[in-house]
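The following pair of complexes shares a single chain, subunit A, combined with subunit B in the former and subunit C in the latter.
The block that comes next holds the complex of A and B.
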């Protein structure tokens, strides 16, 4: 059995110790709590939202247990540089996907591990455009956030420091931001072509701020530019939650339970939650808690809230607005590819080394929302998949196309899709291996989404043409990140949680992950999720100090 | 593009600053016409007893050693970096060849106790000087044609603009050493009419500033992740100001602080090697993976450039003391 399979077979964080992610075969001490002990917080999910919250709450003196359905990986031992092998790292449990544009679930959008999706994410760490926090009133679409961008600017800074983001000396869009803790990485061939294309179109571009270090940091060596980031970084250059906030959490006295699938949140007679039922090591268990935070991301969070319905809360927990599961958003991730006469070798280094956010900050366009695009470098297996699905190539034609791999170049967008109540997560009648109802995910693109995608495809194509690419083709169907389904707001009738990520209905139930986004913006979401989590931790401390928990 | 450095003329502005600071210090000798106040601009007068004939040779040999050290640093550094660049342009061989020759004639000069300049050494040193100049031109061109032009990103990862300067300095120091050596018995060495000690001191000051610029840029790229990375941007500038002051100030002063900072800079150059060896170990796989990490990690041969310059500075002080011109 490979070490990676071992991680899946049985929990590793037991007997008062957890894997030391920085040293092969070593352990770090971990405080443990008895199940009958009522801990201050159980956090369900240890990803971009869960991990920082666990760390900050533990550092503030709360007793915290973080649970994750996924395994506790040892990056130095478990991650191979093998595309096919590593495909199994995602949340691949069955889901039912329908609607006019069903979302393809799995590798593109859901991690399942201690550290959550950040273990596999592409590390792009961007701030929102300030106006997006007031999309409705400032830009005329979606919904306003109950957060102020200036306050968020402060939390972004803390998040960037904690994740040692490597970014450009000056970021060309938006209000001034402090210097990134590490310098940007060297551009690869694909990124340079993005830059040349942008310059030809008169757009600004920059090296992308990434959560992988460009110089040593603690026990992380600098990035070695092998490009297997989406399959788990085997050097620890990548600053995932697994090697940043989780070690901090352990050091501060938090407990992490891996391979612990939470199936139900228990509600007491007083209408408050009292703990969670979870499945670990072959049987169902119950952990008592004063507060429960759900941080399972935009599919699993509403699934858990809906599946925890009781006689008192028949529609599911925190769902008096009827909005739990609704307004699911993904982001358009279409691409344009072409071929250069010279070698590009786009597979070198992290996949998205250069970016233009031009259309996030330019409002002279015929649709709502924005998008950015980044340089691309799909690895060979992914590239074959794109060739077969987007171009329908097969047999000799496919083999011939693959010969050009090192000459290929591409641009891929991250585009804002608008919230729509018809895009949603509900419970299907079918049950999964734990006997829990499976999530049904319904998604259809709106007219605005389609207009935005067409605009982006045209712009990206122009950029590729400007650098002399030939054999240009479009990948029209791809989507990636998720958001929505438990939106935050300032009114209990039109939102699920308030600005502090506290549910309106049950004061000791919180949601702290990508589900709380009212709109999703035109940039990758994780830095915003982490910043919101850091803010939530501060707010919880402030509320506790006032006796309002 | 990722923002243009607002102080792209870093080296130049620092040099101006240095000169201003030195002038300000010189100002202590007030109440004399300004030209007379700057001893470097005064005609060298041969006062006092006729100087020791071997002193010039001794100073020249010191400078040969400095030139050699700089050449050695260039050789190792450009060998690694240009190998990394796969010598994709044939001219990338040039600095290696030039540095090897420079190293050889420096050894020759160090062994040579005759008080006359040597034709071959002159040719090689001038060659190094011009190869360095050409290299700087090439590097400038490389950076300018990258997308974004002279922005931080390209200063970090394009051909290092100031690296060829070490070859220029090696050539210049060597060439000056020949002029010092070539002094007629009983005369004080001069270079283009300027007392040699002063000329070498001034060159050292500029060289230190330039080398500090290069180290500062690369350490900034490394986000100063280790506090010791501030050393090459803190000690050498002080040494540069002090030796710059010496170049313009009085020759008869003891200048033990200047010597101290030059020695510190020299020691730092060697210590830098140790830190860079440690830096290589912090890359994935450490020294077990030396074949990759020697290329990825901090350049081990780079820091001794400071040592070479500091040695030249000490030689300059020696010259000034042996041949006081005021």
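The block that comes next holds the complex of A and C.
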């Protein structure tokens, strides 16, 4: 059996214990709840949004069960140093993609594991530009968030501490922030070239704030620059949710159920939710709960809300606005690649060790939204995907192009795409292995999106030309990260949840993941998702204290 | 074949700190892939072998990476990608239909099965598939260029670049756990990395 089959063969978090991710073959004790016991919270999904919420709620004394469709990995034992094998981290069940610019899923866009997509994310941990929380009123596009950036600044700081972010002493853009808890990582060749290019263009750059430690932390050793971060970190240097908030959650008395796929949220006669139907260990089960939080990310969250429709809520749960599944946003992830005379060997170290956010903070441009770009380090399978999809190469021409691998350099953007109700998640007729309708994901770029992408490609190309790269080509069609299918807002007719991530329609149903974003900004989303989850936990405690849960 | 990194063999690091136990196990399993098809029929298998040999031609001075076997394994084990374009059928249907349609095109144009054609004839047909120019009714409603772009290319090239022989050719460091890298900057090389024979 390959490691991937082992972790998925049977649940591991059972019999009062869960895997100890820091010690081979060892366990940590885990509190367990009976299914007929009405727990305070069931949280569906244990990623960037779910895990911190589970931990903080448990630490505040609530009884919490976190469920995840994915396995409970033991990084030290399960994670092979291999790009292909580690596809085991992704959500690989079928989804159907259409629209003018179908989104590539699988490895590109979502994880399925305890710890969620943070088990394979690239660790880039950035704060939003303050104005993005008021994009509509401050910048003229998208929608305003019901959150205040100053409050978010406080939660970002808590998140950065909890994830031991390594970053620069002074961050060059935006309002002042404290120095990062761990010192910045050294640059690899690809990052040095980003820095030189940015300087040639008169732009600031910095070492990227990353969720991997540059010095020992607890039982995490410092990063050893193996470069397989997006395929699972086998040393635990990476501060994924699996090794940060999940252990905290267990220590505080939360229960985690791995390989537990939630298929339907049950609604009681009073119109409130009463628990979840989930599939684990070969059969369907039911867990009673006073509150249900959906944290399955921007595809699975709307899928579950839509699939839980009842006679009372025919359009799906929490969907009186009709917006569940709509306003799906991904981020433009185009890139420019070239070849250097020097050896770059970009496979060493975390892939994005340097960044420039210049165009996030510069408003003199002819489109809405912003973007940043980062250094790149694709491993061979990803690199051949880029060569074939961007250049149409195959045969001897492809072999020849691949031979320059260690001389390649690249810059990849993370760009803001605007919300559009036509970009959406719906239910297809086709069923998955549990008999649940699979998601159909429809996506087309708007004119603003295209203008932003072209601008970024031009800028990144200039940066590569400035460092003397040759044989430059563009990867025109890549996207990554998801947001927006259960947006937060201050008006029940134009949003699904309020600022506390509580659904407008059903007071004991919550959404806490990337789907609550009304706009997506020009930086990677997960630090913002985690910060919102930390705020939500505080808000739930405050509401509970006032008897308003 | 050009040998850019003479003497470099990722497999030689197998018992060094660059490889841990689970990685050895995974790579061993990959190298031990079954050579006989479990998913494809005889006719499909012959066509697939010919397609693989053109999409990823391999040097004659070593045994080839058994690419058709990896494609067959993926389909036999039902390893999904996590999504598919709406215009494409599920991967098993797509592969069977696509290979049959390619063979059908070949018989229509050359009066012979695809695997019996000369390489340049095969390349011409594959190029037309890539450009969406094949029209046999056997394609059904599946656009041939999407089949090429989303099935043929990734399923074959991913298998190749997941193989240690391919890592040697391009100078990739290969597995790196528990030991990673120390010399990170431009033009720096750790002793356990590939040394190039010549520049670009």
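Simple rule for what comes next: the second predicted complex is superposed on the first by the 546 of 549 C-alpha atoms of A that agree within 3 Å, B and C clash if a C-alpha of one lies under 4 Å from a C-alpha of the other, contacts with A are read in each partner's own complex, and residues count from 1 in each chain.
By definition in this document, contacts are C-beta pairs under 8 Å (C-beta built on N, C-alpha and C of every residue); 3 or more make two chains touch, one makes a residue touch a chain.
As the structure is a prediction and not an experimental result, all values here were calculated from the model.
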Check: Following superposition onto subunit A, is the placement of subunit B relative to subunit C best described as a clash or a fit?
Finding: fit
Next item on the list: Applying the touch criterion given at the start, work out whether A:187 contacts subunit B, subunit C, both or neither, answering first, second, both or neither.
Entry: both
Margin query: So in the superposed three-chain picture, is A:91 touching just subunit B, just subunit C, both, or none of them (first/second/both/neither)?
Written below: second
Notebook entry, point to check: Taking the superposition as given, does A:461 touch the first partner, subunit B, the second, subunit C, both, or neither?
Noted result: neither
Check: Which of the two partners, first being subunit B and second being subunit C, lies in contact with A:199: first, second, both, or neither?
Finding: first
Next item on the list: Name the contact category of A:215: first (subunit B only), second (subunit C only), both, or neither.
Entry: first
Check: Does subunit B (first) or subunit C (second) touch A:352, or do both, or does neither?
Finding: neither
Margin query: Once chain A of both complexes is superposed, is A:125 in touch with subunit B (first), subunit C (second), both, or neither?
Written below: neither
Next item on the list: Using the superposition on chain A described above, determine whether A:168 touches subunit B (first), subunit C (second), both, or neither.
Entry: first
Check: Which partner does A:235 reach: the first (subunit B), the second (subunit C), both, or neither?
Finding: both
Next item on the list: Check the contacts made with subunit A and report whether subunit B or subunit C touches more of its residues.
Entry: C
Next item on the list: Note down the smallest distance between any C-alpha of subunit B and any C-alpha of subunit C in the overlay, whole angstrom.
Entry: 6
Notebook entry, point to check: For subunit A, which residues belong to both interfaces, subunit B and subunit C?
Noted result: 186-187, 192, 224, 235
Check: subunit A touches which residues of subunit C in the complex?
Finding: 2, 4, 18-20, 22-23, 25-27, 29-30, 54-57, 79-87, 90, 123, 126, 130, 149, 153-154, 157-158, 160-162, 166-167, 169-182, 184-189, 193-194, 196, 199-200
Item checked: Touch list for subunit A against partner subunit C, complex -> 2-3, 77-85, 87, 90-98, 102-107, 110, 186-189, 192-193, 223-228, 234-235, 339-345, 347-349, 379-381, 383-385, 388-389, 392, 394-396, 398-399, 402-407, 440-441
Checklist line | Contacting residues of subunit A [partner subunit B, same complex] | finding: 168-172, 181-184, 186-187, 192, 195-196, 199, 204-207, 214-217, 221-222, 224, 235, 237
Notebook entry, point to check: Which residues of subunit B touch subunit A in their complex?
Noted result: 1-3, 5, 146-148, 152-153, 156-157, 220-223, 225-226, 279, 282-284, 292, 296
